[in-house]
Amino acid sequence: MRPPDSGGTGAGDAGFVHPVKVRWADCDPAEIAYTGRIPNFALEAIDAWWEAVVGYDWYRLSIDRGYSTPFVRMEIDFLSPVTPRHVLECAVTPLALGDTSIRFAVTGRQDSRSCFRGEFVCVFVTTATFEKTKPVPDILALIAPHFPDAASERVETT
Amino acid sequence: MRPPDSGGTGAGDAGFVHPVKVRWADCDPAEIAYTGRIPNFALEAIDAWWEAVVGYDWYRLSIDRGYSTPFVRMEIDFLSPVTPRHVLECAVTPLALGDTSIRFAVTGRQDSRSCFRGEFVCVFVTTATFEKTKPVPDILALIAPHFPDAASERVETT
Amino acid sequence: MRPPDSGGTGAGDAGFVHPVKVRWADCDPAEIAYTGRIPNFALEAIDAWWEAVVGYDWYRLSIDRGYSTPFVRMEIDFLSPVTPRHVLECAVTPLALGDTSIRFAVTGRQDSRSCFRGEFVCVFVTTATFEKTKPVPDILALIAPHFPDAASERVETT
Amino acid sequence: MRPPDSGGTGAGDAGFVHPVKVRWADCDPAEIAYTGRIPNFALEAIDAWWEAVVGYDWYRLSIDRGYSTPFVRMEIDFLSPVTPRHVLECAVTPLALGDTSIRFAVTGRQDSRSCFRGEFVCVFVTTATFEKTKPVPDILALIAPHFPDAASERVETT
């Protein structure tokens, strides 16, 4: 797993790539990864992004910090089949940071071929009540620089 | 599983509902079905639609008939959490039938609450080559009446 | 899902059968259900047994009643491939009820052919502490009659 | 993934360890990896063993070489809960190589605590017919040195 760009440029952050080893277990009788597995690969990449950027994966973010980021929308275009023959490089690109929401693009590539492109919207909630909340300052400070509109958002959300 | 409307009215077919028993196994530490399971519930409902309407589920459609229907796009809005407390009623609504593609809406409801709404686009391919193809006449005759634009499509595709 | 034998005979209870619809999603490139799915089918059948016998599935047993039944052992012999062509009839047979443990056999059959036979051992714990505990009397009263040594166990455990 | 011991000593090979990153997606409401996921972690480790030792994972062994290794038995003792807090180190130990079968132990450890210990038996079959077969000489030559009884087996099976 390559680390994300440190710092953040205000121009977005396409640098985080999470490699997935696709396996026999993921494949259906068509000898390709089952469609229902693809969203799971993308979600795994976003979970890995949290761990790399904030230092907490979803499990520890929820249990140790009390924040969860449930999904409110996903859309995925499936561009070419995914197989175990090559690593699936899942690139996570933060797109937008709202007051209580966060949007990512995730693209999957194998052997320099685009396999899927998706967008995912999550909201911040407190684990205890599942009510929307702003991210706490220390987490916000870590994620905000990775968004293209980081400067303006930081003004808005802090 | 309720059977689909027989016949088809030319006005679409929202009658097919596939019940899913959500289980502990589907749930994450937030005590709700994991986001990555939801697309799988919707896909299962579409697989069940094929079995009910054509008499072949995806497995037998692919292996016995030589046709597969890989997905090229999915989009899902997650409206409220899914839990094991109620049956998840997945309604499959055929939306459009193209020359070599098919589009469905799938909505999930629990306890009269909307949980998700998604749209899914598949293409027809031959299992052997994975190349796009029109559905064979006997399968087309079974699925076409379930689409709102069935009459015009039937002219176009046969 | 056929209901379990009501009453309990003191001679065991092989009457509970949980049907599983195996799907394309469960199958691997060998065109059979992936090995890693089989334990999940058996576990689903045990979850269904709890719901049928006690009125609580694992989710509600854990969250509403405060009891969980984590597994300490499983063993499965895979006898013949599982496919989507036939319903997988999973028969759950209670084998032994200890002070804080419970043992089941689960067999899977398709088209009158044995597909797998497994044994599973769970312990009773409180959800809050995950410490072993005896089942509370009202739950014990519901499950005990389904075990072959029900009479003696009831003496021992109440 | 640490590479297996090269060479093989005739005394078995406990050196192959496949790390699994357990995730939120793997966990159930008890905040631990769901029981049904554990066999899948062990199977993934065995798949990784094939790739490391033979140069083919299950997918390519089946599709490119025409051999599959379906499971005929698994048994697992669950010793302590698995969580996302630590890497799950899955050690694969070849135990016995028969004429047409192969037996492995897989143990899972997190944070120097044993989480599970399992044994798994597979048979060699040709993908085309699913009939038992001896492994072909080049594959046998690669796997045989990793078994404790490698010398005698090699006499028997070649």
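A few notes on this one:
When the chains are written out, they are named A, B, C and D in that same order, and each has its own residue count from 1.
One rule holds in what follows: a contact is a pair of C-beta atoms (placed from the backbone, for glycine too) under 8 Å apart; a residue touches a chain by one contact, two chains touch by 3 or more.
A quick note: this is a predicted structure, and the numbers were derived from the prediction, not measured.
Fitting chain A to chain D on C-alpha positions gives a rotation angle of 180 degrees, to the nearest 5.
Centre-to-centre separation of chain B and chain C, using mean CA positions: 31 Å.
Computed from the mean C-alpha positions, the centre of chain C lies at a distance of 27 Å from the centre of chain D. Among the residues of chain B, those touching two or more other chains are numbered 24-25, 27, 29-31, 36, 40, 43, 59, 62-63.
If you draw each protein chain as a dot and join the dots that touch, every dot ends up joined to every other dot. Note for the complex: chain A touches chain D at residues 23-25, 27, 31, 40, 43-44, 47, 57-60, 62-63, 83-85. Contacts from chain B toward chain A in the complex involve residues 29-30, 32, 35-36, 39-40, 43, 59, 62-63, 68, 70-78, 81, 127, 130. Chain B meets chain D in the complex at residues 24-25, 27-31, 34, 36.
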